[in-house]
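Just so it is clear, A, B, C and D label the chains in written order, and each chain counts residues from 1 on its own.
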Amino acid sequence: MKLTESLWISIEDIYDKILRHPFIRGLTDGSLDEEAFRFYVIQDALYLKDYARGLALLGAKAPEDQWLMMFVEHARDVVVVERALHESFFKEWRLTDEEVYSTPMAPTNLLYTSYLLKTAYDRPFAETLGCFLPCYWIYGEVGKELQKRGSPKELFRRWIQTYSSEQYASIVRQVLEVMDQVAQGLKDGDLELIRKHFIVTSKMEYLFWEMGFHKQTWGI
Amino acid sequence: MKLTESLWISIEDIYDKILRHPFIRGLTDGSLDEEAFRFYVIQDALYLKDYARGLALLGAKAPEDQWLMMFVEHARDVVVVERALHESFFKEWRLTDEEVYSTPMAPTNLLYTSYLLKTAYDRPFAETLGCFLPCYWIYGEVGKELQKRGSPKELFRRWIQTYSSEQYASIVRQVLEVMDQVAQGLKDGDLELIRKHFIVTSKMEYLFWEMGFHKQTWGI
Amino acid sequence: MKLTESLWISIEDIYDKILRHPFIRGLTDGSLDEEAFRFYVIQDALYLKDYARGLALLGAKAPEDQWLMMFVEHARDVVVVERALHESFFKEWRLTDEEVYSTPMAPTNLLYTSYLLKTAYDRPFAETLGCFLPCYWIYGEVGKELQKRGSPKELFRRWIQTYSSEQYASIVRQVLEVMDQVAQGLKDGDLELIRKHFIVTSKMEYLFWEMGFHKQTWGI
Amino acid sequence: MKLTESLWISIEDIYDKILRHPFIRGLTDGSLDEEAFRFYVIQDALYLKDYARGLALLGAKAPEDQWLMMFVEHARDVVVVERALHESFFKEWRLTDEEVYSTPMAPTNLLYTSYLLKTAYDRPFAETLGCFLPCYWIYGEVGKELQKRGSPKELFRRWIQTYSSEQYASIVRQVLEVMDQVAQGLKDGDLELIRKHFIVTSKMEYLFWEMGFHKQTWGI
């Protein structure tokens, strides 16, 4: 079995819980509070800035030049996507750049981005890739599922389209391919470390929706 | 005003909330659930392993050799303290090393340690020091306060002693001295970044007690 | 005076020595030993792989998203340039990828790339940029000068064209612009650190030609 | 065969060349130019400052707490040794701290320290250890050999004593033990990467004596 097949099996229950999460369900039945959605999109913009930096680090550590090229291109694309949020959602909500970027990261967001960047600096390429994979992959899967379900609200449909394109699906396939190639040279112990990172950041994906749904605060 | 004086003012409300937290109150009136205390001490052991690594990084980035020496000595001391927990608390609870270290970090613990290590790799010395300072300082202050209050339970008294010694207070003073010296060469913008880190990790100190009190789980 | 203007003044003597170096003169009067040129091009291919990684790190540390995008694009472009060497020069010399990449880095090359990567990990963005700037800038200036002088050998003309294009000059201008913008927020001490890096890697540029000319070995 | 045994075999010819180097021979027959010795000791002081930082990074990446403790203690000890040079040699030569630390690193010194620090940031613990090992080990072996040979000059004998103590030999044995323990979990490919680093920095050890003997300049 390919490593990525086995990784997905490890998170099937987490993925099921994501699909059943009231945030996700609310996007497709239209019941999601627009305040929660807005909270989520702002936090996502903050997240993407750090995710792009992490991808640049992942590229810097890539053992193959082809992979370096791929991850630095994704780093740039992530900034492009982040900016598109401004032109679309933030403009509609009349939020200035200043308002968006002065928003503090919610605890779950800071947990997720700190964990990504710490791992990118501290650990070898293969483990770091395991850490970054759920964001690529789960968004792709969730995107396809949401596209299938549709949404009564134009605002939510617009967001859903970003992650449900064939272009996005193709990017995910390329990254999975790299993960499986890297895995071929590794020992069981190393594969388990990859899995550990992969499960942890998959949980963070779930918690990110949870954070949006509850408009998570620091409570202090 | 010294930077450190101004930093403490920034977190006075956070520090007050820490002193009033039921975990802290429970240590001194003996009402704290021993299960919560055990949860906390195990998480603390996991925390200290990463804190020691972060201090080694802080030492590596120190512009003065004297500070390099100080922080690598602290890195070693933190491991010594972490091991002392095993000889004292874990032995009493009949917890093996294996049981302690196979415990997953609770979300707040992973947030705190990831944030420390990410900052240590990513940011200059002065900011990183601002990030590490609350753990030194708040523990010292809380330790003195707890010592004053005392505790009816021997187990809690034993823990309180670690952080209320004059030796520990002297370490804190040295670190504060370094922070104030570093600050002298910095511009306002840099000082504000230090303050930002300092406030964020002070909040994490509060949340760490909260994590212990509620025996925080991942919820997924 | 802009920082970059003042930086260039700091290296005018180094730049003059580069223009008078027998390697550079030999490119335009055709007297350069083709063995030395081949040695140089192979070392350059090895250099560019690390330079690309360093640019990805520089991007990861960029305080502005616009700069992150720019440097990760350059990281990718550097790999493209490095690959073009294979299609052009290495093909003509019948050198396989395996032969090129199993060549050990000469000492000066390992010095230069290690210094770039060490700085990229260890130091803040502005200093790191000062460190990477000479490679962009001196190549651009040398390229224009070589273009003016021309060369009787087709092989050398082909190489000269890479660094004498208007497109390349425009890239250099963008990077200089970033350096000057970053400089505006800095204190004199920080500017001197940038200058120190800038002068050191400018010297390494000179030594790189020297390395090629003498087909430098480890001597051990 | 233990990894370290096999590593030593890889550098036997380099080690032989070190023992026959005129700098080393000159220390024991007293023929070494004191200017060259002074040049060397100043460069060594600069080297040790970075070596200490590298050891702190090595400690930060150590998978075992025991090793973290060992390497951060060594980081501190290296600063102690570096300071002892000031009390002994620099005092005698009437060199102030300012004079020592404003001396620029010679190219070979900057190559060696940049390579150590780059590797410490960029590569996993085992490879980094392979990179740091020659400095520990070759100095220990050279020290024992020099002690056997003796020296007619008091100044040189004083220097020789630092690296020929039983205490130093015991430190080297501990580090070799860690290298062999780490090696047990590794695949052939990883062991070859360790060997590659080990051979490269062993060559740098040789070149460091060479640098001292010729009072190496930048030549630009």
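Here is the rule we go by: a contact is a pair of C-beta atoms (placed from the backbone, for glycine too) under 8 Å apart; a residue touches a chain by one contact, two chains touch by 3 or more.
Remember, it's a predicted structure, so these values are computed and weren't measured experimentally.
J.: Give a one-word verdict, same or different, on whether chain C and chain D use largely identical residue numbers at their interface, taking over half shared as same.
T.: Here the answer is same, because the shared fraction of interface numbers exceeds one half.
J.: With centres defined as the mean of C-alpha atoms, identify the chain lying farthest from chain B.
T.: The chain farthest from chain B, judged by C-alpha centres, is C.
J.: What's the distance between the Cα centroids of chain B and chain C, rounded to whole Å?
T.: 45
J.: Find the geometric centre of each of chain A and chain B from their Cα atoms only, then give the gap between the two centres in Å, rounded to an integer.
T.: So the centroids are 30 Å from each other.
J.: Send over the residues of chain A in touch with two or more other chains.
T.: Counting only residues that touch two or more other chains, chain A contributes 61, 121-122.
J.: Using the touch definition up top, name the residues of chain D that touch chain B in the complex.
T.: 49, 52-54, 56-57, 59-61, 65, 68-69, 71-73, 75-76, 79-80, 82-83
J.: Provide the residue numbers of chain D that touch chain A in the complex, in ascending order.
T.: 61, 121-122, 124, 185, 187, 189
J.: Would you tell me which residues of chain C are touching chain D in their complex?
T.: Touching chain D: residues 14, 17, 107-108, 110-111, 114-115, 117-118, 121-122, 200, 203, 206-207, 210, 218-220 of chain C.
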